[in-house]
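Labels run A, B, C and D following the written order; every chain starts at residue 1.
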Amino acid sequence: MADPMKIRANLVGDSTEVKVLMSHEMETGQRKDAQGNVIPAWFIQKVTVLHGDKIVLSAQWGPAVSKNPFVSFRFKGGAKGDKVKITWVDSRNDTRTDEATIA
Amino acid sequence: MNTNRRHALKAGGALSLATLVAAAGWARPSEAAPADAWNKSAFETHSLDETMKALGGNAPLPSNDIAFLSTPDIAENGAVVPVGIASKIPQTEAIAILIEKNPNMLAAVFDIPPGTDPALSTRIKMAQTSNVYALVKAGGRYFVTSKEIKVTLGGCGG
Amino acid sequence: MRTFVATRVAMMISAVGVVLHGCASAPPETDDAAARAAAMMKSSFKAHGQATLARLDQDETQRLCSEYAGRPLPAPIVERIQKANLATIRYPGDNNLVGDWKAGEKIAQSGQGFQYSDDPKGPAGANCYACHQLSPKELSYGTIGPSLYRFGKLRGYTDETRRYAWQKIYNAEAFAACSSMPRFGYHGILTEQQIRDVVALLVDPASPVNQ
Amino acid sequence: MRKTMQSVAAAGAVAIVAATGAPALGQSTSDEIAKYREALQDGNPAELWEARGEAMWKTPRGPAKVSFERCDLGLGPGVVKGAYAQLPRYFPDAKRVMDLETRLVWCMVNQQGMTEAAARKTVFGNGSEKRSDLEALAAYVASQSQGVAMNVPIDEPHVHDMYRLGEKMFYYRGGTHDFACATCHGDDGRRIRLQDLPNLTKTEGAQKAYTTWPAYRVSQGELRTFQWRLNDCFRQQRFPELEYGSDASIALTAYLAGRANGAAYDGPAIKR
């Protein structure tokens, strides 16, 4: 079971700054284990960030995004107390959704 | 409330990520694949031309209106290379990061809806010293800028 | 003239040693902390692969350098360490001290070897870049030791320079008591051919180090 | 003084080289590395471990179904605020000087009813298949000392003795490469490759180094504790393996933590 994300959403001027850390191996499929077997690729493929029901960022990723991914961006229209909800889906079709309140 | 649902797409939960990603602009998959699919072919390319083809775009124009922010010229470790990209091109719809010498060139594509600043930071892996491209889609056209990031060996292990 | 640089540096080290140690002798150990620390280490480490507990056993040089760490090293001790280590240096039967600088560069880049996580079958590297600047093309170099950029060019491409490079790599304690540099020949970290190759990296006029 | 001697020798060599115009470390290289480190500060995955550790701290565990809220890290049962800044310390109930990780294991065994082997099953994690509870717990407890001045009780006789033995260990040369801790960490302003080496024999260096562990290592994608730091230093020193929670590991921790006294704890950090 995937661990919760760590999401920060803060109002900076008229923008909401979102910083998120995700717990994920982001295995490339290029590495080998001690026995020389290829470790299969396993990585987050899609990310969606919602403010209310509006998409404020969506992404598609390959395995070159670093382990335990980090993303930071800003959007307009957020207010203190609003929710920011983030969902990821990985190459095993595992998914995780977490949310944070804009501070 | 936090959820952690396996097979969320098949289960068709209240929040369907499939719908959301499909609604977003760019990472358009090939004709045959369903509209919400991860664009597999775009993440298996080895040149800028190939990547552009897989993304359904044409040759990008070099642009001075794309900037790398907080992106060092030298990475102390290739496993985590901070990359920030900001576009000043009007109607920026998407920003992608490509690493020339990685086994697969495309690292990430971000769709930027109206109201979201066309600027973001993330962290990528680099197999070796390489050019890194910041690709921007704006008003249906493609623009690019690049910089070299050196990956250094470090620590006692050499 | 440049041929004497190496000798001069060595002499300078000895001279400084004499000056520094002439006025201060080490205070005697007041208790058995060193012995207790050594015993504690024996019970706190465990053998792992090639790294057996025997690696905690010190030779005389290691023991003296540990004992005097952080304190002045008396001149007679400096002399004793350097003399004993100089006597350990062996030279190849064919007296050919210079190998292939390209192989030497690979050895200088590699930090593998002798860790319990390494393949005991080797080969080991010397990890020169961890501590020294060598080829200017390598940005990632350490500063624990002096820059060796233009080592041969500065000292001259002479027999003396080649011999000094061999000796220094083989056993650095012969020239600088309690040097931080591993004794690559004395401990058998590098093979004879590997030492030749690293010497070549330093003294071959075609080596990137001398460009 | 020995250091001075070596420095003079090194300075001489540098001067010779400088006269011929060898490239010094490009200012741009160190600037860019500084920029790299700065950029990493924006988001530290150590927080993911802290969150996991916090949940674990509060959850009943082991055969006895007891949470860490009964575990006394020196400031009373369950008190984590500022506890890391005062470790290692002497614990009369265990009759032993303990660092944080040794104490966590002790609580698992003596309060939660786990076997020693179970408690130490995974001391250092490796990916999602082999996660370490101890690393997560250490990250959480350490994070609760952020901003708290280091105050290891080095005048307490048991700790004092360990501190002195740790100091001896720090200078102990051995192995195939003649390395001691002091080989790399006994001088100012040195680098190994591009990594700055803190001079742990000076207060400032010890403070800067000790107060940033545990740390998220980007080269490994893992949160690493001080026990790990020591274990892996000795591996690279070509020594045998330092046992987790052994007396030597605690003595050296007492020495280094004690030398950091006075500085505000500033971890868990993010490092190469």
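A few notes on this one:
Keep this in mind: a contact is a pair of C-beta atoms (placed from the backbone, for glycine too) under 8 Å apart; a residue touches a chain by one contact, two chains touch by 3 or more.
Small disclaimer: the values here were computed from a predicted structure and weren't measured.
Among the other chains, B has the CA centre that is most remote from the centre of subunit D. Put simply, the chain closest to the centre of the protein, by Cα centroids, is D. The distance from the centre of subunit B to the centre of subunit D, each centre being the mean of the chain's C-alpha atoms, comes to 36 Å. A straight line joining the Cα centres of subunit A and subunit D is 30 Å long. Rounded to whole angstrom units, the spacing between the C-alpha centres of subunit B and subunit C is 47. Taking the mean of the C-alpha atoms as each chain's centre, subunit A and subunit B sit 14 Å apart.
For subunit A, residues touching at least two other chains, in rising order: 4, 66-67, 70, 72. Among the residues of subunit D, those touching two or more other chains are numbered 29, 42, 184, 192-194, 218, 221, 236. Residue positions of subunit C touching 2 or more other chains: 129-130, 139-140. Listed by label, the pairs of touching chains are A-B, A-D, B-C, B-D, C-D. The touching residues of subunit D, counted against subunit C in their complex, run 1-2, 4-6, 8-10, 12-14, 16-17, 20, 22-23, 25-26, 29, 164-169, 171-180, 182-184, 186-187, 189-194, 197, 201, 234-236, 238-243, 246-249, 251. Looking at the complex, you find that subunit D touches subunit B at residues 28-29, 32-33, 35-40, 42, 184, 192-195, 218-221, 236, 272. The residues of subunit A lying in touch with subunit D in their complex are 3-4, 6, 19-21, 23, 25, 66-68, 70, 72. Across the interface of their complex, subunit B is touched by residues 109-112, 125, 127, 129-130, 139-140 of subunit C. Those residues of subunit B that touch subunit C in the complex are listed here as 74, 150, 152-154, 156-158.
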